[in-house]
Structure formats: structure tokens, C-alpha cells
Amino acid sequence: MNASVLMIALPLLAAFLLPLTGPLARWVGPFAAALNIALGISLWQTVAQEGPSVVVMGGFAAPLGIVFRVDTLAVLFATALAALVLILWPRTSADPRRESALLLILLAAGCGLAFSGDLFNLFVFYELIAVASYGLVAASRERLAAAAGLRYLVLSALGSAFALLGIGLVYALAGTLNLADLSRHADALNSPLGLAAFALMLLGFGVKAELFPVNAWVAEVYSTATARTTALLAGGVSKLALLIVLHLVLLVYAQPAALSLLLTLGLLSIVSGQFAGYRAADLPRMLAYSSIAQLGMIAAAFSVSGEAGVLAGLALALHHLIVKPALFLVGDGWPKCVDSLAGLGRAEPWRAALFVLLALSLLGIPPLPGFWAKLLLLKALLGMGEPAWNLAAAVVLLGTAIEGAYLLRVLQTLFRGTTNAKPATFGGALPAGVLGVALLLVMLAATPVGGALQRAAQQAADVPAYVADTLGGSPQ
Amino acid sequence: MLTSRPRWPALLFILGLALLLTALLRDLHFGNAPMQVGQAINGVAAHETGAANVVASVLLAYRGLDTLGELAILFAAATGAGLVLGIAFRNGNGEAQAKTNTEPPAGFILRKGADLMFPFLLILGAYVILHGHLTPGGGFQGGAILAAAFFVPQLARPSSPFNERTAHWVEALAGASFVLIGIAGLAGAGWFLAPLLGTGSVGELLSAGSIPLLQLAIGLKVGSELAGLMIALHGPKET
Amino acid sequence: MNDLDLLLLVSIGTTAVLFAFGTWRWAGALGTLLYALQLALLAVMRPELPLASGIGFEVLGYRLQWSLSGLGWFFAIITVASALFSAWFAAGEWGQHRRNLRLLHGGLALNVTAMLILLASDDLISLFIGWELVSWASYLAMVQRGGPAMDAAYRYLVYALAGALAVLVAIAMIAAQSPALDFGSVRVWFASAGNGTIWTVMLLTMAGFGVKMGLLPLHLWQPAAYSESPGPIAAFLGAISSRMGLFAIIVVLAQLIGLERLGNLPVAFSFWNANEFWAWLAALTLIVPTFIALTQNDARMLLAWHGIGQGGYMLLGILIATPLGVSGGLMHVINYACYQAALFLAVTAVAHRTGTTDLDHLGGLINRMPLTYVTMLFCIIGLAGLPPMNGFVSKWMIYKALLDAQMPLLFVAAVIGTLGTILSVYKLIHNTFLGQLRLEHAQVNEVPISMWLPMILLALIVFITGWMPGLFLDLVDEAVVAIGITQLPHHLGGVDLGNGGLDMLWIVGVLLAAIGIGAIVYFLGNRSVRVGQFDNYAGGQILTADVPYQYSHQFYAGLLRVIQPWMRGGMAWGERALVSGADFLGGAMSGLYRAAPAGAYLLLAVLAALAVTLL
Amino acid sequence: MIMAWVALACVVTMLVAGVLVLTQRKLIGAIAAASVVSVALSVLLVVLRAPDVALAEAAVGAGLSSVLLALAVRRVGAVDSKEDT
């Protein structure tokens, strides 16, 4: 179980020591990421055998100290992030040492975000991710990226301030910040003020989770930052921000008003993202808008109380984590304008085929994994049996139809006509290929993967067990 | 010189924020917050950690991981700043933009003042860091003072040497030692960042387990990091 | 490994082989052989029906399984046979002077595989998987010619995707309430579900499956998409692709919900029930497209519009829910597949020789391409539903069933549809083969045997099964039983009914005798002189061949003046309105993001959230 | 009682300095005003008996961040003035 702490400590250690490693510097990062994957796998086995458990920092039991909750969900996210970081590790960079350090910090913070069971600790790791990602965004050598990064920074800082305000309110109302402890005192937060705190946190964390009104940075940043950074932000970071929201609604804010708020923001994200994507003229922007909508779907899934919602959101999140980075990477190096893609399907058939595969999975075409995720989402939404959630299913339907219209337009353009352009060197070939193969493997192994996700969702949704594990079973 | 138009949107923003906070505070009852965790810690902190300064015990024992995270935030911010500053933007006019140094050279008083301040700042920083577990203060504050101690001479004499290499070494080793102390706790007591070395007697300089060590690590890291950052910002652009 | 597994394996193998060797000269012939093998396998497994496959998966607690019922088997026979004739035709001269047929042959085989997977599905998820496979496979078949074909296929796919999502929502709805999704459990669930729930599920699934079937108002994509595909593919798609929609609709309405339940399901605020509702939609589907077909000037478009209309007959027949009606509707599927495939092939043959399918630029080809003419003649008689062709039998059964079931208004609607069909198919054959031969076509020759043989064979099937409908009724029985309807008593010549049946042996006999008498009179009493096609006189003047004196465009101008006000394209207008709406919303949303006063959004959002939560 | 007056003075100073931050035309002036806010805040924190936080605010808020901002403005300002000419 202590491997969970090492998954944070070791990348941080590597990041701190990076300036001293000299010629080894370029190997330290990938090595640390690989080590994290290995730790994650070992944790996976432990959790599978012994069930979820709690790690106490410094031996100070909850709620006084910080605790880590190690369950399947957390291990899954931490390992997936490590794998994504490893796959997306930049091969060339203007300033490899600094960029590696930021990536390692992002990796450590992401793992912390996955494991932590303390609201303030979650905020610290969230902030750490935010700071690391500013640097990565601005590292793109485009002047536009610097401008976009600055706007991202301002908005994100503002969002963090609001999230912090919300956390402060929670502390003022409930007197504790441990999630399990908060779950016991959820009544104290069941007031307008408590709900306001939730709204503040939702909007604050929503900046990274690309939720509707606070996501205006997304298209700009994703279309100017390097493809690998974009892939990391869209694929990994956004999910982790939503993971905080999931913890909140599962453990603390299981009240209908909070769920409705989350659902509303999710639906607005879907509608606004898909329609904006429909009008987007360049590929990265289109993918960015699609990413907004996809995250809206995950938010909508998390707004369903109970195991069904967690399962659907988890499936959607992991699917998006594989597909969207790969799509950004495939599109990297192609002309940005969609109309200029004409004929590339013939010039670079394999790359175009990969794009088609990923786009189809994103749309939820069976038997690709995206289909199962979408089915779970619809089932969860309709299973609530309430008008707002039924409407949500209709919105998802509409959104996906719109998404289909614009993604198909890209596919159509790819295979229309011919181009004189020489096939560019495909920088993202390896990572995109790996992600594509991963997608196919998930499709073939749908049965075991589905079982694992079900276990993860079941563990995550078992709130009484969570509270008992954290507060009851540990030394006081 | 940089000027700007009146920030009416910003004022509006502030007004909105004020409205918002009023709305929040209307419902919040001050003075009787349920301080469950706070009171529990007040009761047991000195006994459990051996630190006379409860704040330090919270920062470095109960919430040591948060502090490690904050240290990493500072590191990430400095790294990000270095990344941005160190890169000449492609989309410019190409040639490295030479810094136009328009300030007058520092005068005699400033130079002498800086020379005098240096040891005092150094000692003050060290004191604040090392007594963090006893009195208000600690690694972050002391680190900031240390950074100032090294930056002030630079301000007075831009040409005076600052050994960036050493600073890098100090920074890296200090940061690493924080994590290593944590891992040592893991290996020794079974918990990450578990207190080592025993609590000692409350109020002594050598007490409170590993808290002073952590303070030292933080102070050195913050100090070297910020000094490096400030000097980099002040000095000519890297190429 | 039973016969079904073997069939699926052979089918997948066919796809792989044809994609691998698609550029080979004999790929078409190879495909034909492989389809013949599949057909043989289907024939062999007939006694074993329903046959469950050994393949199955369990994902997320849902069991995915495949099993071929009589209904699926019936459609599978048509599918593989259509593919066989299409591949055969493409293997002939038509294909040999085209360079790269990899996509054509591979796409065709992929379509067959996908359809077999769909037809063998035994739970809702495998049904949906098969459905999507079919959608994308037919997209692959449609886009091959590029250009306008891609636009048509794009339109199709957007419809299909939206429809599939509607189906997915319906499946999710069932999944949220029913313990399992195999057809047996779903049938039980439907039996206990309330009327409102059933209506929701039914509307969603019909919206989805109706897209492929071309059920009004979801038909707009179909004509362009089918007619823009390469000839043999158009024949295949026209013959069977839309029928996959019908198959899925039968599964939902007849097998899962049950036709009796449909009759007891009231339409809110009216004296209708669900059965009548869908029957009238089917009637609308059979009338409107048929009259739109009348106005078409392109042979392939005309046929494609008919394809939509004929689907209406099939659905109507099945919704009558009597053995006669259901058998008639299902028999119409197989009859229609025969003549629609043959007609598309005939039009392709004409296009192969003349280079056009524009009805305003053809004419008088009867002497130049007699075999193609015979094919088209046989098949349009079938399409119009006149004796002695097989289309007559199925239509007669539907009419008779409508009258027996006391549905006179629907009967009138069906007859109006038939009238429209007769008028428009006459336009087709007249403008292609009769009238004035165009000068530029004076040297046109009949297509070679490699192309006419499959066409003529299909035409012969149309005639023989019209003469001996018992051949097809035998196959239909399998499907009828699978739906749960009692078998219709029939014999080789037709149908036995208590109050007088249909015996085509007699009817065809009488008809042939009458034609024989006519022929004798014509040949023995003939005193006319045969002249060349370009030897023309009018008003005492010699007309040279380059003067167009016979106007084939603006056919039925008088009729169209009468019905034109009814055909303003309301549904096309609706589609455009949807697209503009999406454009508008897209513009608004992307403007919202582009303006990007991000901080202001955040503050406003926070204020709004606080206002909502605190006040 | 005296503490309450000190606290009030601090709050008023912070408010005035805060408005000054927004209304200053020169960025360097705004930064100076911002550091005044920080100084007043750290005094306020002492009054509120939170010396640890006060020390941090004084060292980081009033000292370091002002210096960093000033350095950044100087650097950016140099670039900008060059573009103006």
C-alpha cells in the first residue's frame, strides 16, 4: 500500500534532483514514469487481493492527518496517468531539463490527486498540476501559446481562488477537511451556504475539468500548445479534476441540489462544446470543443448517484483518456484547417486509418470501447428515472449526433480528392500508435476490462466502507 | 514606460466579488465555527510532535504532505518561469533582444547598505528557519529572507558573482532531502514523513523529531530557488 | 462449430480474401463462388433452424449471443443471393475495364458479413452491434465513386448515426429496467411494461431503424446515396440494404413487443392504436416516394425512390398481422429484391453502353439491347405488381389481407401507390427503350453475356416465381413461423384460402394463352412493313434522325400540374431547417467561446451559482 | 480596545491601497500599492494573533512577490518601450 506514497515521492525526488543528473537527465523522467507504472501494477494486485485500504501520512490518523485511500479507482487513474505521461514523453524539447521536471511534478501531483482522501490536500495537488501545466503550455515555442497560456493562468488562478474559498467555507461549516469525516458531517453542509461552497468548488475545479462557463481557455490553449502537452491536458489532467468532483458528490454532496448543479453544467458543456465544434474550422479547435463535450458527458455521468454513475463516468473517462490524446497526436503536423486535409487519407493511409478508428470510438460505434461507455452512460442517466436525467439522455443523443456530423466531415475531407503535399514525418506516430493499439486491446478484452471497471465503481460507490476504512479501522 | 487605461472592468469585477462575499458572509456565523480538527490538534500536537509551535507541527507533521506539495508548487513555478524566460520566442524579429539597462548605477549608500545587510539577513534567515518549531517562522519565511540576503548584493552590484551552480546543488539536495526524510520515515516507522529522532522535550532547540530538519530543507530550497529566480530575472536574458 | 459458426467464418473469410485480392482480375468470380458457398451453407442449415451460434461473450454483465432464426435465415438467403448476382455482374466486362475494384468487392463482402451478423443477433446489444456494422459497411459501399457520392453518403451517415443513437437510448432504457437484454428476457419485460414506456421505446427504435428502411420522414438520404454508388453495389444496396431496417423493425414490433400488443396500444387523444398508426405511416411511405419517383429524370434515382415506396408495402403487409398479410409482406421482400437488383443491373448495363442514365437523353434502345430490354420489361411488370410476375402475388396477398382485415382506406392507399408505380415504371422503360433512338446511340451493342446472364437469370426468377409462387412461399414460411404467426396454407401455384385462393398456374396459363392468340394474329395476319428506326415521316415531311421529335422529358406534365402543389418538399424543407438551426447554434456557441472574456464568465457563473444556491 | 483600532486602521489601509492598485497608471506604482496591502495585512494578522501567517505574509507577500513583480515589469517594460520607439 505504501507504493501509493512512493508514486508521489519518487517522481518528486526525481524532479528535484534532475538538475544534478547531468547527461542522464533525459532518462530520469521516463524511468520514473515507468517505475510509477510498475508500482501501480503492484498496487493493483494488492488491491485486488486485499481490497481497498488506507495509508496514513506520518502515522497521524484521520481526521487529524492526511490519509490516502487506495482503491481500484485511484490505482487505475494513477497508473493510467503514469502510462500517459510515459507515452507522451517529449523526444525533443527546447529546454529538456525544465520540461522534464514539470512533467515529473505533474505526474506526482496527478497520483496524489488520485489517492488523496483530504480535501485540502486535493487542492494542493490540483494547484501543483495547474502550475506545472502553465509551464508546459508556455513551453511551446509559439508566441500565441504564450498568450493563451497567460490567459489560462489567469483564469485558472481565479478558479483556484474560488475553489479555495469553497474549501474554506466547508471548513468553517463542518470543521474538518477529511473526506470521510466530511461524509459523516454531510448534514452540516446541507444548507444554502454548504451548497454555495459546492458551487464555488465546482466552478473552481471546473476550470481544469473544462466545465461549461469556465472553459473558455480550452480551445485557445489546445490549438496553440504542443500536441503532447495538449494531449496530456485533455487526456489526463481534466479527468483528475473531475475525479475531485466525483469524490465530492459521492461522499459529501449526495444531495439532489448539488447533483442537479453538476448535471446542469455537464449538459451545458455538452451542448456548447458540440455546437461550437460543429462550426470549428480547424482540427485542434474542433477536437478541443469535442473534449469539452466529452468531459461534460463524464460530469453528467457523475451526477448520477450510486454505482451506475461512477461506472459510466469511469468508463467514459478512461476511454477519453486513450482516445483524445491519440487524436491530438494524429492531427499534429497535419494542416490545422480542416479543408486543407483533403487527400491526406490517400497520402498517409495508416495515419488516416488511425484517425478514423479513434473518431469512431469517440462517437461510440460498436464494437469499439466507446460504445460500451456510451451505453453505460445512457443506462445510468435513464436509470435515475427523473425528468432532468431523461432530458440529459436526450441531450447526449443530440450532442453525439452533432459530434458525428463534424467528425464525419473530417473523415470525408481526408478521403476526398488528392494532395500534392508530401507525407510529413509523423512525430506522434509512436505514442498515437500505442494508444490506438491500447484501444483495440481494450475492445478485444472487453470482458475483463468491464469486470475491473465494475469492481472499481463498486468500491468507489461504497461510501460506508470508505468512511469505516478511513476513520474506524485506523489507530486513533 | 508601461502605462495602462483605467481598469473599469476590474473595478466592476471587484464590486461583483464584494457582492458575492457579502452574500456569503450574511449566512456565515463567525466565531463559532465547529473547530473539530483544530481543537483536537491543539490538544495533542505538543505531545505528539514535540513542537512548541503548533503551526509548525501542523505544517510539517500532520500536514507534511501538503507542505511537500507547496514546496513542489514553488519549484514548478520557478521552473515554469525559467522555461518561459529562457526561451526566445520564434515569432519575434529574430535577434535576441538586448536588455536596455536604463537605471543609473547604484550609489555608495546602497552599496554599503547592501554589504552591511547581507550578514544580518543571513543570520535572521537562519534563525527563522531553525526556530520554526519553537517560535513563529519556518522554512518558507526564512527561505524568503535568505533569498533576499543573496539578492540585495546583486541589486547593489549587478556584476558581483553569484554562484548559480552551487545554488542549483543546494536547491536540488535540499528538495531531495525533504522527500528522503519522508521515505526514511516510511522505511523506519512504516509511514511516509513519520517523525524520526523522537520528540525530545518541548521547547528545546533540538526537539520535535524531524521537524527542524524539514524546516532546514525547506528554507534552503526556497532560499536558493528564489534567489536564483530573482537574479535570473534581474540579470541579462539567457540565450 | 456448427453450421452458423461456419457460415460466419466463411463470410468473414470472404471479406478478408476479397480485400486482400480485390485487385486481382478474377476477384469477382472468386467472390461469386464464395457467395455460392455461403448460400449452400444457408440451404444446408435450414432443417436446423433456429440455430444458435457457439460464439458468445459476456461484457459488463450482458451476454452477447448470436442465433439464426427463421426470420433471419429468410433475410440471409436474400442477402447472400443479392451479393452473388452483384458480384457475378461485376465480375463480367463491367468490372474488367475498371482498374481497382478492391473497395467494391471487399465492401460488398463486408456488407454481407455485417448483415449476417445483424440477422443472427439474439440480444439487443448484438443487434445494435450488427446494426452499426451494417451502417458503416454500407457507407463504405456508397462512398466509392467520390464526389457527389461522398456527399450523399455523408448525409446518409448523419441520419444513420442519429438514428442509431436513438436506438441506443432505447436499449439503455430497457437495460435500466430489464435484468437482461437477450430477446427472451426483453420479450418478458415488454409484456410487463406500461404503455407509455412501450411507446417511448417504440418511437425511438422506429426512428433509428426507420432511417435505413427509408420510413417517412427519414427517407431523404436514400435515393442519392443508392443511385450514386457503382452499379452492382447499387443493385445490392437497393435489393437488400434497406430491408435490414425492415428486419430490425420486425424484430422489435413483431418479435419483441408482439403484434397483438401493438393492436392494444392506444395513441393518446385518439381512437387509433399503435398498429394503425404505423400502418398509416407505412401507407404514406408507399405513396409519397412513388409519386416523387414519377418526377425523376435519372433512371437510378427513379429506382431508388421506388425502393423507399416498396418498403411501405412490406411493412404494411406485416402490420396487418394476419397470416396472409404477414406472408404477403415478407414475400414482397424477396420478390422486390429480385426485380430491384435486376433493374439496377439493367440500368447499369445501359449506362455501360451509352454512358448515361439520364432519361431525357435515352430512348429507342429496344433493338440495340434486346436482352436488357426483356430484363427491364419483366422486372417493371413485377415492380408494378401485375401478373404474371411475382410482384403481383405479394401485392395481391397484401390487398386481400387488407380487405379481409376490414381496412378499406389502407387498401385504397395501397392501390394509389400501385397506380403511381405503374405510371413511373412506364416512364422508365419508355424513355430508355421505346420511342426515338438517339443518333449517338445508333452503334450501341448489347452487353456481353458475362453481364446479361445474371440479369436475365434474375428476370427469369421474377417470372418463374410469379408463375409458381409456392417456391418463395416455402421460404417465407420459415420467417412467418419465427414471428409467431400461423403458417399460411399454400401450394406451388399460390395460396389456399377458405373463400377462394390464388392459383398463378392458372392465371399465367390463361395469360400465356391469350398472348399466344395475340401473337398468332400478329404474325399471321401481319401486313405491315418494317422500317428502320431512322426512317421517319411526320406531316408529310421527312424527319432526319437529328431532329428530336419525340419529347420524353416533362413526362406526365398534365398529371404533375395536378399533383405538384402537394409536392412542395416539406420534408426537405424540414431537413434544411434543422441544418440551419445547427449552423446557427454552432455559430452562437463558437462565438461564445471565441469572445472569451474568460474572467467575466467565471465571475458571472459564480454569481449565478451563488444567486441560485443562496437565494 | 486599542487592538480594535489598529485592526480598523489596517483594514482601511488595505482597502485604500487596494483601490490604488487598480487606479495606478504605472504598473510599478500598482505593485508598490499591492505591497502596502500585504504589509497592512501582516499587521492585521499579528493583531489577530496569527504570528506565523503574519511572518509569511510579510516575507513572501510584502517582500518577495513585490520584488518579483517589479523585476518582471522592468523586464517586460524594457521590451515594450523598445517596440514603442
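Structure notes:
Read from first to last, the chains carry the letters A, B, C and D; within each, the first residue is number 1.
Definition applied: contacts are C-beta pairs under 8 Å (C-beta built on N, C-alpha and C of every residue); 3 or more make two chains touch, one makes a residue touch a chain.
All values reported here derive from a predicted model rather than from experimental measurement.
Here B-C and B-D are compared, and the pair linked by more C-beta contacts is B-D. Separation between the centroids of chain B and chain C, computed from CA atoms only, is 74 Å. Chain B and chain D have CA centres that are 17 Å apart.
Computed centre separation for the pair chain A/chain C is 45 angstrom, with centres defined by C-alpha atoms.
As a whole-number value, the distance joining the C-alpha centres of chain A and chain D reads 37 Å.
Residues of chain C found to touch two or more other chains are 599, 606, 610, 614.
For chain B, the set of residues touching two or more other chains reads 23-24, 27.
Looking at chain D, one finds that none of its residues touch two or more other chains. Applying the touch definition to every pair of chains gives A-B, A-C, B-C, B-D.
If you check the complex, the residues on chain A that touch chain B are 2, 5-6, 8-9, 12-13, 15-20, 55-60, 63-66, 94-95, 98-99, 101-102, 105, 108-109, 112, 120-121, 124-125, 127-128, 131-132, 134-136, 138-139, 141-144, 146, 165, 169, 171-178, 181, 185, 188, 191-193, 196.
Remark: chain B residues 23-24, 27-28, 33-38, 40-41, 44, 48, 61-66, 68-70, 72-73, 75-77, 79-84, 86-87, 89-92, 168-169, 171-173, 175-176, 179-180, 182-183, 185-186, 189-195, 221 touch chain A in the complex. Contact residues of chain D toward chain B in the complex are 18, 22-23, 25-28, 51-56, 58-60, 63-64, 67-68, 71-73, 75-82.
Touching chain C in their complex are the following residues of chain A: 151, 154-155, 158-159, 162, 192-193, 195-196, 198-200, 202-203, 207, 212-220, 257, 261, 271-273, 275-280, 289, 360, 363-367, 371-372, 374-376, 378-383, 385, 393-394, 397, 400-402, 404-405, 408-409, 412, 415-417, 446-447, 450-451, 453-454. Contacts from chain B toward chain C in the complex involve residues 9, 13, 16-17, 19-20, 23-24, 26-27.
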